[in-house]
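Paired with chain B in one complex and with chain C in the other, chain A is shared by the two complexes that follow.
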Partner chain A sequence: MSRALISTERLTKTFTRHGGFVFSRQPSVYAVSDINIQLSEGETLGIVGESGSGKTTLARLLLQLEKPTSGIVRFRGRAFGELNGREVREFRNTVQAVFQDPYSSLSPRMRIGEIVAEPLVVARGLRGQIVQRRVGQVLEQVGLKVSTAELYPHELSGGQRQRVAIARALAAAPKAIVLDEPVSSLDVSIRAQVLNLLRQLQRDEQLAYLFISHDLSSVRYLCQRIAVMYLGRAIEEGPADAVLSGPLHPYTQLLRAAALPRWKGQPGVQHSYRAAEATLPSKANDGCNFAPRCPQFNATCLRSAPLRRETRPGHFVACHEC
Partner chain B sequence: MNSRGLVVRNLTAHLFTKRGCARAVDGISFAIPPRKTLGLVGESGSGKSMACMALMRLLPKPAGQIVDGEVWLDGVDLLKLSEREMQEIRGRRIAMILQDPTSSLNPVLKIGYQVGEPVRQHENVRGGPLRTRVVELMRQVQIAAPEDRINAYPHQLSGGMRQRVVGAAALACKPQLLIADEPTTSLDVTVQMHYLSLLQELQQQQQFGMLFITHDIHLVPSICDAVAVMYAGRIVEQGEVDAVFKRPAHPYTRALLRAAPRLDEAMESLESIPGELPSLTELGPGCRFAARCSKASQVCSDAYPPDTGLEHDHRVNCWLYGQPA
Partner chain C sequence: MKIAIDEQNRLVASARRSGRLPVIPVAILVLLLIDVIFAGVIAPHSPYATDLSKRLIPPAWLPGGDVSYLLGTDLVGRDLLSRLMTGARASLGVALATIFVGGTVGIVLGMVAGYAGGRTDSVIMRLVDGSLSIPVILLALVLVSVREPSAWNVILVLSLVIWARFARLVRGEVLSLRERAFVALAQVAGSSSARIIARHIFPNILNTVIVVGTLQVGWVVLLEASLSFLGVGVPPPIPAWGSMVADGRAHMLSAWWLSLFPGIAILLLVLSLNFLGDWIRDRLDPRLRQV
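== the complex of A and B ==
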């Protein structure tokens, strides 16, 4: 087993919803509940889920942009609360992030060169020539000209901006990058360029990726392991090939059916899936979150939340019925 | 023009902006026979939404202007109608579903009012009969408890439900043609699957033709009979879904089909298309894809390739097929 860079234990985050009246509190929303995941060096882990599944909240928790309600995030085996200042800085250098929207993640007032240099200047305290050299180096690595450093973000296209965001993440020579829907806002032809770039970089630099996406096909392209989230819970996890070719959980099966190419008139839609949409996960442990949509649910599913169990080595599922 | 359904010929719409004239829709032709579905595929900036705005005569004023072309609906040229006559066509004979249901619905009006609006406008139905009709329309798009939901506001519904409400309003006057502009792009994949099968069911029942606009070429086979691929304002290839997907001819279509990762096979690398879309204000005389095309030769940047027929209705604009005369 390779070394765990980041791992979580029963990680949970709730948000309080505010109702109509100033003091009328509504039940908390469990954005992330009871997540145990591990990202090892050089490993690519895909987190798949639809909107509201908690995948972005999970990313923010792992990046320490959000404090967990309960549970622990560990960096190289040590809980976050126990890290000292130097170790926190080391974490910031080791784990970088790329976000979905390259229009809002780059400051419009900074030149590309300054944007890419920022992690080096702020976290590493570097200055001058050495920073310039590194900026040029990573810009070339992501397929941009060194002269791009002189431009402002508005002078670049969406695909180029996302390359800049990747270059910024690479600048501090991280061990892991959290990628939150990095290709969702890009057009198909540009998306392929960026996915190829990410795969190349991962192999060249032995990076670990936590790749968050709603698109099963991109996850399959980039990741060795995948975890499927539904309303805050990880309902299935395992090697990408196993999960995608033989999904166990009814929700994973539904996701897969929705993503497979189909011809007109060919029956592909499973009508046994009832209500088409997810509801908010407001209660913690009362039953399986997917039960209201599940074609196989029974009385147990409504009473208690299924526990995660290992069906084959490395393949986990949380379901009473499979 | 006596043919039934929609026939678009050489439709050309330009946007006159400060930075020059953008040739957003540049001489496109296609036909949608009654009850059939045409998929119009293109990336952002390819002109697919501008094309449907042009044929609805809803281009942004004053920048957008239709420069040339004909749009025939059952033998009537829509571009020759008065604005008043056109108003009778919109919502009654051609209806639209747009990408974002949140902005197509008015947040301060009740759902029931908005679904009933086309009926009130075009058929002058009011009161009890209107209410019955609206409830029926909402039931048709599988909104549970429609009698209660007519009094709900858009923010009280989920994204998928809102888009179904938009669908109910669009189909309220039984149009002959439905223009669906990226109707499922803002929806989750499982909701998208449900919405598309609902659209198809309704099309079976009501027998309307459909122009289905999407950026995702892989959605096309599941819902369309024919497909037209747009690139930088022009249709570069069109034909029956079966022909285009099994024997794609244009290098751009081929690249699009191979650029997306697939779920059913492990892929070593994706075919990416180098470069980006050309600027619509600075187009040369040649093929617009030439700068990104691996098969481009000198003729490609000198002259626009002719429209060449391959088999049945499969047509392509590419110098690989049409030899310079």
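== the complex of A and C ==
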């Protein structure tokens, strides 16, 4: 078993909806609920799910941009609250991120060179020539000219900006990158280029990726393991091939049927997709929270929430029916 | 069809107009700035020297006027032009100092409130509400009756009012900037809050601050004039345009020039500042039109 870089234990984040007048509080929304995942060195883990399933909140929790409501995030086995200053800096050097929107990812008033150099300057405390050299190096690594460093973000296209964002993430030679929908806002031809670049970098640098996406084909292209999220819960998790070619959970089946009508020559499965909206997970329901949309639900599903169990080695599912 | 084309031409023309530097206002402001710096050297007479034999000389082009006293003299025979030229210091100097002091405080507190959020934000914003609800004139009267009247007191009073406008605007800008991905990425890189505010937030609010700063100068000039008019501004014998208007008020019928020329000076200064401010706003940030 390779070493775990980041792992979570029963990680939960709720948001309190403030509404109405001064003190009236709405019930909490479970954005992320009871998540146990692990990202090991050199591994690529895909997180898939529809919008609102808590993928981005999960990313923000792992990056320590949000505090969990309950549960623990561990860095190399140590809970976050216990890290000292040096270890926090170590974490900032080790884990970087690339976000969805390449337009808001780059500060409009900084030159590309400064943007890419920031992790080196801040977390590594480097200055001068070394920084310049490293910036040029990573810019070339992502397929940009060294002279790009002199430009401002508005002089670049969306695809170039996303390459800059990737270069910045690489600058401090991290072990892991959290990629939150890194290609979703790019058009198709550029998307393929960036995915290729990400795969290339992963091989060259032995990077671990936490790749968040709603696009099953790019997840399949990049990831060894997949976790499927629905309304804040990880409902199925396993090796990418197993999950996508033999999905167990009805939601994963629906997702696959919608995204990949003919997966590896199998006939597209016709699912009766019940036209219910995803109910907001406003309280920890007693039943399975997919039940309102599930084509296979029964009385048990309404009574109790399914527990996560291992059906095959490394393949987990949370469903009563499968 | 014709109407549509006319409308389009009109829009194009107005866009061109707004794009041109307002030459006359800028010229006036440049002259005034030169005057503020060199008033002591270029003023034809001393603004303080009284000469009762030369009291109430009308402007040079009127019967009884004297060319060496271009705009006439006041009740104690001081040259009005020299007093106006020196008075620019009080008006513009106090206004610029106020914008600098109040602006700096407002920007810093606004950025802290917007970035920190929570309790810090609430406290600062309640202070803003408070200072915006205090009548300026009343505050000035109280302060001057407690302390000696001085230019510094005027700057203090006006800064106490003006900082809140900056703070509120800056906070709003920061609230939206804070949610942008580059701020989160700076945190991921390990940047401290101070670094994020200085390197990522401040450069992005600078345009807004410049625009609002210029537009507020005119307002502060008017406030300073009001305070001097009421006798709680820059103390005599230092000439200030507001107090010059007030001094001439009693002689409006016989010696109208005493109040009229300082009044015109205030008008020209404020108008020029507003034209310049509008132009800078349109150039840098047309979104701020309602400010």
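What we mean here is this: the second predicted complex is superposed on the first by the 308 of 322 C-alpha atoms of A that agree within 3 Å, B and C clash if a C-alpha of one lies under 4 Å from a C-alpha of the other, contacts with A are read in each partner's own complex, and residues count from 1 in each chain.
Operating definition for what follows: contacts are C-beta pairs under 8 Å (C-beta built on N, C-alpha and C of every residue); 3 or more make two chains touch, one makes a residue touch a chain.
Values in this document were obtained by computation on a predicted structure and should not be read as measured data.
Trainee: Putting chain B and chain C on the same copy of chain A, do they fit or clash?
Mentor: Here the two partners, once superposed via chain A, fit next to each other without clashing.
Trainee: State whether A:A192 touches chain B only (first), chain C only (second), both chains, or neither.
Mentor: So A:A192 only meets chain B here.
Trainee: May I ask you to decide whether A:P119 touches chain B, chain C, both, or neither, giving the answer as first, second, both or neither?
Mentor: A:P119 contacts chain C only, not chain B.
Trainee: Once the structures are superposed on A, label A:R92 by its partner contacts, choosing first (chain B), second (chain C), both or neither.
Mentor: In the superposition, A:R92 touches chain C alone.
Trainee: Between the C-alpha centres of chain B and chain C, what angle is subtended at chain A's, in steps of 10°?
Mentor: 80
Trainee: Which partner does A:H214 contact after superposing on A: first (chain B), second (chain C), both, neither?
Mentor: After superposing on A, A:H214 lies in contact with chain B but is clear of chain C.
Trainee: Which of the two partners, first being chain B and second being chain C, lies in contact with A:K13: first, second, both, or neither?
Mentor: A:K13: touches no partner chain.
Trainee: Quick one: is A:D241 in contact with chain B, with chain C, with both, or with neither? Answer first, second, both or neither.
Mentor: first
Trainee: In the superposed model, which partner reaches more residues of chain A, chain B or chain C?
Mentor: More residues of chain A are touched by B.
Trainee: Quote the smallest CA-to-CA distance from chain B to chain C in the superposed model, rounded to whole Å.
Mentor: Superposed on chain A, the two chains' closest C-alpha atoms are separated by 7 Å.
Trainee: Within the complex, which stretch of chain B touches chain A?
Mentor: 37, 43-44, 158-161, 188-194, 197, 200, 215-218, 221-225, 241, 255-256, 259-264, 266-267, 269-274, 276
Trainee: Flag every residue of chain C that touches chain A in the complex, lowest number first.
Mentor: Against chain A, the touching part of chain C is residues 180-182, 184-191, 195, 199-200, 203-204, 206.
Trainee: Inside the complex, what are the residues of chain A that reach chain C?
Mentor: These residues of chain A touch chain C: 60, 63-65, 88-89, 92-93, 95-97, 99-101, 104-110, 115, 118-119, 122-123, 165, 168, 172.
Trainee: Mind pulling up the chain A residues that touch chain B in the complex?
Mentor: Of all residues in chain A, those touching chain B are 50-51, 157, 159, 187-193, 195-196, 199, 214-218, 220-221, 241, 244, 254-264, 266, 268-269, 273, 276-277.
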